[in-house]
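Consider the two complexes below, in which chain A is the common component and chain B and chain C are the respective partners.
And now, the complex of A and B:
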C-alpha cells in the first residue's frame, strides 16, 4: 500500500468507527453495547501485550481492571475528584500494585507466574467482598456522572450515548498505544524473550527487566478501562473481579488471532453481540464463552484468521513478511 | 479459644487440603501439566455426590465411585482436547484452555444443579464424636485416614511400580520416552483421568464439611496452589507436609484473627515463600 495514503485511510476508518452506533440504528441498547465493547476491548488490550507479546498468562488483569474501577469510585465519591484526576489516580495506584506484583513474580515463569497471578485475583475478590473500605459486598455506590470541564469547555455524559465519544477516544488511544508498543524497542524485546529467551539474553536483553516493563505497561491500559467502567455503571462492587472478565479478556485476545492489532476489539465485539443480542441465558452464555476459548486454542491455533488463511493464499502474489503487524 | 480443638480442626483441614491437592501434585510433578479447572472439578465431584445421595437416593459408598467416574470422564475429555497442545508442550495454551474448561464446567453445573447452595450430608458427617469438650465427626476421621492411605499408595506407585516409572520417564523427556516405545498419549490421558478421579474422591470426602455452591471452584483451588508451591512443586511427600502445615495455619488464623481473610492469609504465606525461597519453586521432574 502506498505509504502516504495509509495514514489518510486509517484516519478515515477511525472517524468512520465513531459513527458505527448511529449506523446500527442509534438506539440506547446499541450505544450501551458499543460503550461496553470499547471498554472491554481496552481492558483486553492490556492483557493482549502480556499474552501475545510476552507469552505469559497473567490472570491478575481482572485485579488491574478492578483497581481502576475502585480507585475511580473512591476518588469521585469521597473527595469528589473529576474524571481526569480519577484517571491519574487510577493509573498511579495500578502502577504501584503492578510494580509490587511484578517484583514478586520476577523470577517466575509459565505456570508458576500464572498460579500466583490467579491467586492475586482470588485474594482481590476476597478483599473486595470483605473490606468495608471498598464497600464490602454492597460495593461503592453514587459515582457521579462523567463531567469534564476544562475552562470554558464543559462535557457531561449522563447516559451511554453521551459517554460513547469518551469510550471511543479511549479505545483509539489504547489501540494506538499497543501499536506503538509493538514497534518499540520494548515490544521487540518482549517478542524476542518470548520466542527465544536464550537468544534474547545473548543479544543483550535483560529478560526480567523486559518482563517487568511489559507488565507495568499493560496494567494501566487495563485499569483505564476500569476507570470508564466505573462511570458507565455508576457503582462498583466485587463482581468486577468475577472470572467472567478474565475469560472474556483471554477469549478476546486469542479468538481472532494473536498479535493482530484489531483482534481484541473484534473478539470482544463478537462476544458482546452474542451476549447482548443473541443470549441464551447466563449459564448457557458461560458455556458458549468457555467453549469458544477452548475450541479456539485447541483447534484453531491461529485464531479465526487462520480459517481464512487458505483463501488469502489464493489471492496473494507473494508471501507477506511474517513479522509485520497485521491491521 | 480452645487450642486443642483448633489443632484438631487444623489437622482435619490439613489432610483435606492435601487430599484435594493430590491430583495437581501428580499432574504437575509427574506430567509437568497444569489444570486451572481443578476447582471446578472439585465442585463437580461434590455436586455429583450430592445429587446421587439426595436426589437419586443411593448410598454414600455408591456416590463416591460415581463422582470419581464423572471425574475420570471430565479429565479424559479435557486431555483428549488438549492432547495436541500437550504433545507440543504449549503450556500457555494449556493453561488458558483449562481455565476455559473450568468456566464451561461451572456453566453446566449451574444449569443442571441450580445455583443455590446445598449441603452434602453423608452418614459419617452426621455422627459426632465428643471427647470432653472436643468435637469432631466420623467424616473428619475418614478424611484423615483416606488422605494418609492415598499418599502412601501414591508414593509407592510412583517410586516402585512400572506405571510410576513410565510416567516419570514421560515427565523427564516426552520425546525420548516416545522413542523408547512408551505410548506417551496414553500416559497423558491416564494422568488426567487420575487427576479427575482423585479430585472427585477428595470432593466426596471433604465437601460435606462446608455448604457447596456451583460457583465455589474459583476460590477452592487457591489452597491447592499454596499446598503445591509450599510442598516444592510436584513433590508427593512435600504436598502432604505442606497440606498439614497450611491446615494448622488456617485453622489458627481463622480462630485468632479473622475467618473472612483466611484465603488472603494463605496467599500471604505463598508470597512469603516465593520471596524468601524463589529457588524452591524449581520443579523436580518425576516428582518424588
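And now, the complex of A and C:
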C-alpha cells in the first residue's frame, strides 16, 4: 500500500469504528456491549505484551485491572477526585505494584513465573475480600458518574451510550501505545529475549531489565481498563479478581493470534458477542470460553489466523525473474 | 357516498385496532436471578413464582389495563454478569427490575439500574448496604435485613440456647460477613457474654466443609451458627457434613436460608436443625390469607411446586409494585418508589404489609426446627 495513504486510511477506519454502535442499531444493549468490549480489550492489551512479546504467561493481570478499579473507587468516593486525577492515581499505584512484582519475578521464567503471578492474584483476591480499607466483602459503593470538566468544556456520562466516546478513545490509545511499543527498542528487545535469550544477551540486551520494563509498560495499560470499568459499573468489589477476567484476557490474547495488533480486540469482541447475544446460559457460556482456550492452545498455536494461513499462499506475490536476477 | 362510508369504516376500524393494541401492549417487567450454578434451582423457582403472580395479575386486568410480560435473565451469581444483564433489560425497555439473590450482585446492579431511571426492587439479597442509598436512593427490599435476622439469632443464642461458646461458619461475602456482624452486634446489645471459639469462612460456591468442621469440632462449641446462602448446593452439603462430623450442640442456620428444598436435599441430616423465617405457605397466619392461597394454588397449577419463602418474596415484589402502579396510574419510577417506601398494602401474599421509610419491608420472624424432615414451629423467644 502507498505509505502516504496508510495514515489516512487508518484515520478513516478509526473514525468509522466510533460509529459501529450506531450502525448496529444504537440500542442500549449494543452500546453496553461495545463499551465492555472496549474496556476488556484494553485490559487484554496489557497482558498481550507480556504473553505475545515477552513470551511469559502472567496470571497477575487481574490484580492490575483490580488496582485500576479500586484506586479509582477510593479516590473518587473519598477525596472526590475527578476522572483525570483518578486515572493518574491508578497509573501511579499500579506502576509501584508492577515494579515490586516485576522485581520479585526478575529471575523467574515460564512455569515458576506463572505460578508466582498466580499466587499474587490469589493474595490480591483475599486482600480485596477481607480488607475493610478496600470495602471488604461489601466492596466500594457510591462511585460518581464519569464527569470531566476542563475549563469551559464539560463532559458527563451517566450511561453506556454517553460513556462510549471515552471507552473508544481509551481503546484507540491502547492500540496505538501497543503499536508503538512493538516498533520501539523495548519491544524489539522483548521479542529477542523471548525468541532467543542467548542471542539477546550477546547483543547487549539486559534480559532482566527488559522484563521489568515490559511489566512496567503492561500493567498501566490493564489498569486503565480497570479505571474506566469502575466508572461504568459505579461499584467495585472483589469479583474483579475472579478467574473469569483472567480466562477472558488469556483467551482474547491467543484466540486470533499472538502479536496481531487487533487480535485482543477481535478476541474480546467474539467472546462478548457470544456471551451477550448468543448466550446458551451461564454454564454453557463458561464451558464454551474454557473450550475455546483449550482448543486454541492445543490445536491452533497461531490462533484463528493460522486457519487462513494456507490461503495466503494463493495470494502471495511470486518473485519476478528480474528480482531473482538481482538477487 | 359508498366510498366515503368505506373510508369512515376503515378509519374507525384502524382507530379501534390501534386502541386495542395499545391496551394489549404489555408492560415489561425485568427479572434477574441466578438461573445456573449453585443457586440456580432457587433462582428458577423465584422466577417461576413471579411468573405465577404475573398470571394472577393479568387474569384480574393487569397493570393499568395492560398485561405484564416477564423478561428473565440469569446473573450467574456473578456481579459483572448481573450488571450486563441489567443493561440488557434496560435496553429492552422494562418498567421495573425485580432482582437480587446474591448481595454482591445486587450491590453491583443497583447503581446501573438507578442511573437508567428504572425502579429496582430487591427481593432476596440481605446485605445492609443495599438500603444505604449509595447505589440507589429509592431502594426497596422485601426480604428481612441482616440486622433484623441478627436480632432473632442473637435472641435464640442468648435466651434459649444460653450458649457461652459459639462457633461461626460464615460465607465470606457481603451477605455472610454482614449477617455474622449483625448477630454479634445484637449479642453485644443484649449485654450477653460469650466466647467466639471458632470462625471459619468460605466462598459462596464451596461444597466441601470437612476441614472447617474439624476445626469447629475441635473448638468444642455449645452452638454452631452456619451462614450459607447457597441453598442449592452449599447449605445442604454443610448440613450433611456437620451431621457426619458429629458436631456437638445445636446447629443453627442463618434466618431465611432453610428452604424446603434444603431440607429435602439434606435428608435426615436436617433433623434437629434450628432456624427462623418470615413466611411459610401452609402455616398460620399465611395459610388463611386469600392472596397467599391464590398464589400457592397458581404456582402448584403452573409449576407443580409449593412455593417457599424466596418464591413468596419474588411474587410479592411484583404484587406490591402492581398495586402501587394501579393506584397511581403511572409506571414512573419516583412516584411508585415513594408510594412503596414507607407505605402500606393490604391483601398481599404476606397479608397486610408495611414498608419502612428506607424501603425495607417489615416482617415477623417465626423460629422453627426440623423433625422427620418437616419444618416444626417453635415458640417465639422474647
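Assume the second predicted complex is superposed on the first by the 317 of 327 C-alpha atoms of A that agree within 3 Å, B and C clash if a C-alpha of one lies under 4 Å from a C-alpha of the other, contacts with A are read in each partner's own complex, and residues count from 1 in each chain.
We take it that a contact is a pair of C-beta atoms (placed from the backbone, for glycine too) under 8 Å apart; a residue touches a chain by one contact, two chains touch by 3 or more.
Quick caveat, the model's predicted, so the values are computed rather than measured.
For the composite obtained by superposing both complexes on chain A, the positions of chain B and chain C are in clash.
In the overlay built on the shared chain, the residue A:247 is in contact with chain B alone; chain C does not reach it.
Of the two partner chains, chain B is the only one touched by A:127; chain C is not. Once the two complexes are laid over each other on the shared chain, residue contacts for A:291 go to chain B alone; chain C is not touched. Of the two partner chains, neither chain B nor chain C is touched by A:151.
In the overlay built on the shared chain, the residue A:110 is in contact with chain B alone; chain C does not reach it. Touch criterion met: A:51 reaches chain B, while chain C stays clear of it. With both complexes superposed, B is the one of chain B and chain C in contact with more chain A residues. Contacts of A:119 after superposition on the shared chain: chain B is touched, whereas chain C is not.
By the touch criterion defined above, A:283 lies against chain B and chain C together after alignment on the C-alpha atoms of chain A. Mapped onto the common chain A, chain B and chain C collide along 207-215, the only clashing stretch among 27-35, 63-71, 99-107 or 207-215.
Overlap of the chain B and chain C interfaces on chain A comprises residues 130, 283. Chain A makes touch with chain B in their complex at residues 51, 55-57, 59, 104-105, 107-108, 110-112, 114-116, 118-120, 122-123, 125-127, 130, 243, 246-247, 250-251, 254, 283-287, 289-294, 297-298, 301.
Chain C meets chain A in the complex at residues 34-37, 40, 74, 76, 78-81, 83-84, 87-88, 90-92, 104, 107-108, 110-112, 115-116, 127, 129, 132, 134-135, 172-174, 176-178.
Residues 28, 34, 36, 81-82, 84-85, 91-93, 95-97, 99-104, 106-108, 110-111, 115, 218-219, 221-222, 225-226, 228-229, 233, 260-261, 263-264, 267, 270-271, 274-275, 278, 281 of chain B touch chain A in their complex.
Listed in rising order, the residues of chain A touching chain C in the complex are 27-30, 32, 36, 129-130, 136-139, 141-143, 145, 158-160, 233-235, 237, 239-240, 242, 244-245, 275-276, 281-283.
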